[in-house]
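Chain lettering (A, B, C and D) follows the sequence in which the chains are written, and residue indices restart at 1 in each chain.
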Amino acid sequence: MNTSRIEAFSDGVIAIIITIMVLELKVPRGADLSALVPMIPPFMGYVLSFIYVGIYWNNHHHLLHTTKQVSGSILWANLNLLFWLSMFPLVTNWVGENHAASVPTACYGVVLMLAALAYWLLQRMIIAMQGPQSLLRRAVGHDWKGKFSPALYLLVALLWFIPDRRIEHVLLKP
Amino acid sequence: MNTSRIEAFSDGVIAIIITIMVLELKVPRGADLSALVPMIPPFMGYVLSFIYVGIYWNNHHHLLHTTKQVSGSILWANLNLLFWLSMFPLVTNWVGENHAASVPTACYGVVLMLAALAYWLLQRMIIAMQGPQSLLRRAVGHDWKGKFSPALYLLVALLWFIPDRRIEHVLLKP
Amino acid sequence: MNTSRIEAFSDGVIAIIITIMVLELKVPRGADLSALVPMIPPFMGYVLSFIYVGIYWNNHHHLLHTTKQVSGSILWANLNLLFWLSMFPLVTNWVGENHAASVPTACYGVVLMLAALAYWLLQRMIIAMQGPQSLLRRAVGHDWKGKFSPALYLLVALLWFIPDRRIEHVLLKP
Amino acid sequence: MNTSRIEAFSDGVIAIIITIMVLELKVPRGADLSALVPMIPPFMGYVLSFIYVGIYWNNHHHLLHTTKQVSGSILWANLNLLFWLSMFPLVTNWVGENHAASVPTACYGVVLMLAALAYWLLQRMIIAMQGPQSLLRRAVGHDWKGKFSPALYLLVALLWFIPDRRIEHVLLKP
């Protein structure tokens, strides 16, 4: 199997993910400006997730661009990545409905982290298949950024699981 | 990155946007002809948005046809355009549920304007990358149409924000 | 613009239409066999629409296969066809919720007819662009089938608009 | 018609099926950890269906890879397969809402079985068209796996239709 197939399928899935997130934005109740106020948190969540998915789509293609062939394990590593990306609309919506709540925000962080891990795993498998002269390996190098991001997401997720009443207090002040 | 990837992804996103708008058309309540009457405003809104998205799809491809290469900034300018196009189903539905209401119609105008601005920005970036011999620059020329439309949309949006009771009065007359 | 673009976009839209129809099939209430009984009419409607959209997808590609170039008018004739196909999920669902009701069935017939007309129009425009040596013209010939189907759909739609109490009487008998 | 068209269309439909299943995962009610508990059964159902659809997508491409040409009967056999795959989100959701209920689980088994049969039928038609020197026939061989799976799914479906109170008793124990 060559990469064009896996790219076309991934493109389709990512295009759908990025678009169905907007379905979660419910039509405002009422027809005046004040009806837009409760739209702000879910809208900001949509913007953030749109950017995240956009970044993944961008990187995903640079990743697949370096390889010519696809093995069964790469295929499943890719499906694993798509699975976690497909969780974005759900957690985005959950955070949007419960802004400043710790559990939804932590779950959002966990999904981000698992997507980052899935991406890193896919990268490892492509490097493994390409062997010691791997083009991707040289491009990626020691990949501090790739190893660092999942750890950072984990830290953020943990931060949100630990209730910090001071922050909440400050946030809720007018 | 060449243009075929960005075209395929944009095609996917636009195909989904144009199709999910129809999901907002709820099945009529009842099974007689009178059940079709409340369907008319959302149906007309769907027709209008279908035409708008169709125009964007058409122009988008002529735009990308003039360039061979895609930079990171073009990619994000394109995602910005897709973002505003993805807002069409939401504002279409809001206008459809509140016909002749000023705030939803103004928001519709704002989204149209931001999509037009995003399109114009994408066009500028392709011209900038192509340099002084830009094929697109010559095709576009001074581009009065492109500069004029966002301004016009803004005007329409402002018109709808300013309540004009006389128009409302005329519209509500039998 | 060559045909590959319009084919890819139409493929995307038709793939979405054929798939979102299934979203209208609501999960049965309850977990026993009797919960499946009210599913039968919408399920049959889904099967019928799936076949219709499948036929259109099949014919659409044979149609575009005969042409190499696409003009602006062909593009809009194609969008017109996609528009009426996008109405299939809605009317399918309406018929499914109100089986044996005349108005929803007539509307279903009207949408089928308008889709058939849109297809015939697209065919005419491709023939017109190809000129007197048109490959499609010879393949289609006098096209009795193409001209006959919209008329037949119209007849069926009219039949359903005229209430026939005898048929209803027979249908409602146990 | 060559295979690239049917592959692109199938890719689109499968990409949509795999993604819309996530729409069935409703946002948890509440914002604490206990709100995640009722999410576990539908989430596990989503994971399972994601894997099933992933397997079909993988096999589907290996299948179409062996053939160069597509006949009308192959096209319809493929649409038949896509039809049963499109039923996955619905039965997944039904099982997810009624875990350990026998009828939904049996229906899930029936849909899996009909999808497996549709796949086997598509395979037979490609072999038939390729004639005695069929590349696919040699690759598939006697295909015990292909013949066995539908029978196994049927068995599982039957097992779930026959109420086994002992199992239910054990499952419902804390």
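Just so it is clear, a contact is a pair of C-beta atoms (placed from the backbone, for glycine too) under 8 Å apart; a residue touches a chain by one contact, two chains touch by 3 or more.
Just so it is clear, the structure is predicted and the values come from calculations on it, not from any experiment.
Between chain C and chain D, two chains of identical sequence, the interface residue sets overlap only in part, with shared numbers making up under half of the total. Matching the C-alpha atoms of chain A with those of chain B calls for a turn of 90 degrees, to the nearest 5.
Taking each chain's centre as the average of its CA atoms, chain A and chain D sit 26 Å apart. In whole angstrom, the spacing between the mean C-alpha positions of chain B and chain D is 37.
Residues of chain A in contact with two or more other chains: 8, 12, 16, 20, 23.
Residues 1, 5, 8-9, 12-13, 16-17, 20, 23, 72, 75-76, 79, 82-83, 86-87, 89-90, 93-94, 97-98, 101-104, 107 of chain B are the ones touching chain A in the complex. Of all the residues in chain C, the ones that touch chain D in their complex are 7-8, 11-12, 14-16, 18-20, 22-23, 25, 27-28, 31-33, 35-36, 47, 50, 54, 57-58, 61-62, 65.
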